[in-house]
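Each of the next two complexes has subunit A plus one other chain: subunit B in the first, subunit C in the second.
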Partner chain A sequence: MMNTPESTHLPLADRLLTIDRRFIYLFVMLAAVIPFMFKVELDVEVTPEVMSVYSFIDKLKPGTPILLAADYDPQTQAENGPQAEALLRHMFKNNLRVIIMTLSQDGAAMAEMLSTSISAEYNKIRGEDYVYLGYKPYFGIIILSIGQNFRISYPADFYDTPLDEIPMMKNIHNYSDLACVIQIGGGNVTHAWLTNAHERYKVPLAIAVTAVSGPQYYATLQSGQIFGLIGGLKGAAEYETLLRDEYRRLGIIARAIQGMNVQNFVHILIILLTLVGNAAFFVKKRQGGR
Partner chain B sequence: MSPIELTIWQTIGAFFTIAIFSFLYKDNPLYKIAESIVVGVAAGYFTVLLFWTSLKPKFWDQIITHRDGVLVIDKWWYIIPGILGLLMYFHFSSKFAWISRYPLCLYIGIGSGIAIPLSLQTFVLRQVEATMLPVSLYPLEAQSINNLLIVLMVVAALIYFFFSMEHKGVVGKTATFGIWVIMVGFGASFGYTVMARVSLLIGRIQFLLVDWLHWVK
Partner chain C sequence: MKRRIPMLIVSITGILMTIQYFIPHPWSEAMYNNALDWLVIIGIFAMPLGIYSMIRIQVLKIQRRSRGWGYAVISLISLFAMLGLGYTQECLESGTFFMKIFEFIYIPIQATMFSLLAFYIASAAYRAFRARNILATIVLAGAIIVMLGRIPIGEAISPFLPDLAAWIMTVPNMAAQRAIMIGLGLGAASTAMKIVLGIERSYMGME
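Our next item is the complex of A and B:
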């Protein structure tokens, strides 16, 4: 609500309850910008659900094939991007063979950028150390078809190289040839990976989802349908914490840790605004207002 | 991508980020331009992507292929789903809309056949199974307390949605406990939602300050 000349004569509680919302946007923006200017590093505690993904990948032997489904798009890049980068760095660090694909129509170019940039950090060769399959529409059907053979939906990779001509894919046909699937995204595609890949073909599955999607998947974690869960920017920061030495060695900013440091300040502001708003509401109620 | 190209693209990205954020002050032409461009580019991008990843390889190339430099008709039966797909467009005619129901029936039938058993297994049976936990408090451990809480809360939340009995007495008290359980769930979800939205804002600020302006290392 706008601040009118009349509102400036109102009691404090009324003025707080009728504050122009643009001031709140401004406070939030300042709380999100100012901490970037200072090197504040707060501890990120690693939760068991993130640790189990890290441990699973860490225990795999070099050369083990793994599927990374980067099913996210620009809308959720801020959360899923750091998750994907951390996971792929861990896989390449351990010399795993990675099949990267996407079932998000807006994510094809982003997943390609992810595969080329991270593989360059580790001097990985396309076709030998990793494969990028690209995007295919109708995610439910694609996930089911991979259970039979990758070649049904993906006769060729993103660069039009037939899968049969790619050395890495020689002995990889379906989920039974993979150590696990790690899906990054959220929403309907994650549901489809749970039903069509894990339940249908019993492939071990871990998910890295947006914070909005996180709570609904804790039930599947408790039921053992997924072996790990990386939730939102917090989950990505936890994974980066586990790979902190690797990030230092590469000289790369741990973006999720940096983001979570800022997030703490914004959360404090939101808590303060909630408390002030409620206090003003109760003061007004005691004064007989509505 | 050369550093100059990267800077140009990042500047374009920064312009659109600021244009979209300008809506927070008030609606303005800059925001409207950015919004229209996003919608237009997304629609165009998806159309082209769908053509090259689906229509051409999965339909056109299956029917017509090159053999010894000559175009030949190969899998002609792929025309049938093609025709069924075209029939969907009758939806736009008030007189012939009924025709679009036939391909739709097929689509829904196949979709339901795949989805119902798998969804039931994933989101009902496996969840019920995961709720059947030992509730003994001997020996008293964190896990046994967790198990008891899970069972009690699931039962209470289900009773809240059980409307065949009046919510009075024991049923009423359990249902009230169920509401509290549901509210705790909503609270956790809302907390995560706030975190997610703030993360998106931080992502954009990181792009502006770290990637574009290089103010923060």
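Our next item is the complex of A and C:
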């Protein structure tokens, strides 16, 4: 509702309750933009669910094959992007052999950018140190078919090189040849990985999801269906905290840690708005209004 | 006949696939692999159907000059332009025109749509998140604790806050989520059973 000349004569509680929503949008915009002007390195406490993903990857021997399913799309890039980058940097740092794929129809190009940019940081060779399989539709079927053989759904990689001609894939056929699957995304695809990959083929699975999706996976974490959970930008910031020395060595900005500064401001703003809205509501209620 | 044959196919396939899951035999595995191939083949038919349906709806909008028909023109132009540009696999490699459109138009549009949530959530929190009764107050208090506990400033306010937020996520939240998941699972299993037994027929457009 717009502020009319009459509304300026209303009591404070009424004016607060009828505030133009564009002011709220303006506050949110300022809370999101201003923190980018200051470079602050905040300490982020690492939760056990993120630590377990880090520890699992850290304990793997060099050369161990691992599957990274980058099943996210541009909508969740702000949260899933830093998660994927941190995970892939950790894998390459430990010289693991990484199979990258995506089951998001908008994710093929993004996963390609991810694999080429991070592999360049570590001078990794495509086909020897990592493989990018690209996108295939019908995620449930693809996840099931990998349990039999990668070659059923992916006879060739993203660049049309037959899997049988890729040195890294020589002895890799299905989930039993992998140390684990790390899935980045959320929603139905994550459920499909849980039911079709972990439950059917018993492959160890960890997931990295958006903050909105995170709460629904704590039950699967406790039941041991996933061995780790990276939730939202906070989870990515925790992972970057664990890799802080590596980020410094590479001279790369830890995007999630930087983003936590923005989250600080926006969360505080939303809490303040909620408290102010409630205060105005109770004042109005005491005055006999609804 | 028109009804019985599809129902029979669904029932036999459903029963066979259920039995197959519990039989670790090469024949069973071969049947499973064949079924997967069939799924991919059948699934591919959905794609041209979807494209045809989209084109038909947009063309009808333009022909009838329906409200917002201009957007239908843009949709069709975008569809054919991206189809044309994306025809070759090389287009998905960095630096191509297709990738530039994807990187500089599509990604920002999608990211913008999702980020609008922050604005709406802030507005909704201000207008509707009220401590009207005990239950609403508990939800409100829980939300504030989790919001504070998930940011570094919350840790600075009190080291107890992140632990409390973690407890909310791993105990009350998990209990509720588990109840929802079990309910969903039982619902899905019973629906699947009803389909296999021919009781549920709405998937064929029947009551």
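Basically, the second predicted complex is superposed on the first by the 290 of 290 C-alpha atoms of A that agree within 3 Å, B and C clash if a C-alpha of one lies under 4 Å from a C-alpha of the other, contacts with A are read in each partner's own complex, and residues count from 1 in each chain.
The working rule: a residue touches a chain if its C-beta (ideal position, glycine included) is under 8 Å from a C-beta of that chain, and two chains touch if they have at least 3 such contacts.
What you see is a predicted model, and the numbers here were worked out from it, not measured in a lab.
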{"item": "Touched partner set for A:116, first subunit B, second subunit C, both or neither", "value": "second"}
{"item": "Subunit B versus subunit C as contact partner of A:145, first or second or both or neither", "value": "second"}
{"item": "Touched partner set for A:137, first subunit B, second subunit C, both or neither", "value": "both"}
{"item": "First (subunit B), second (subunit C), both or neither touched by A:36", "value": "first"}
{"item": "Partner chain in contact with A:266 - subunit B first, subunit C second, else both or neither", "value": "both"}
{"item": "Touching partner for A:47 - first (subunit B), second (subunit C), both, neither", "value": "second"}
{"item": "Which of subunit B and subunit C A:108 touches, first, second, both or neither", "value": "both"}
{"item": "Touching partner for A:274 - first (subunit B), second (subunit C), both, neither", "value": "second"}
{"item": "Which of subunit B and subunit C A:283 touches, first, second, both or neither", "value": "neither"}
{"item": "Overlap of the subunit B and subunit C footprints on subunit A, listed as residue numbers", "value": "25, 28-29, 32, 75-78, 106, 108, 134, 137-138, 144, 211, 214-216, 219, 222, 232, 234, 263, 266-267, 270"}
{"item": "Interfacial residue positions of subunit A with respect to subunit C in the complex", "value": "19, 21, 24-25, 27-29, 32, 42-45, 47, 73-78, 106, 108-110, 112-113, 116, 134, 137-138, 141, 144-145, 148, 152-153, 158-160, 211, 214-216, 218-219, 222, 232, 234, 260, 263-264, 266-271, 273-274, 276-278, 281"}
{"item": "Residue numbers on subunit B that touch subunit A, as the complex places them", "value": "24-25, 42, 45-46, 49-50, 53-54, 57, 111, 114-115, 118-119, 121-123, 126-127, 129-130, 150, 185, 188-189, 192-196, 198-206, 209-210, 215-217"}
{"item": "Footprint of subunit A on subunit C - complex, ascending", "value": "29, 32-33, 36-37, 39-40, 43-44, 47, 89, 92-94, 99, 102-103, 106-111, 113-115, 118-119, 121-123, 125-127, 129-131, 140, 143-144, 147-148, 150-153, 155, 162, 166, 169-170, 173-174, 177-178, 180-181"}
{"item": "Complex interface listing, subunit A residues touching subunit B", "value": "22, 25, 28-29, 32-33, 36-37, 75-79, 81, 105-106, 108, 134-138, 140, 144, 155, 191, 194-196, 198-200, 210-212, 214-216, 219-220, 222-225, 231-234, 253, 255, 258-259, 262-263, 266-267, 270"}
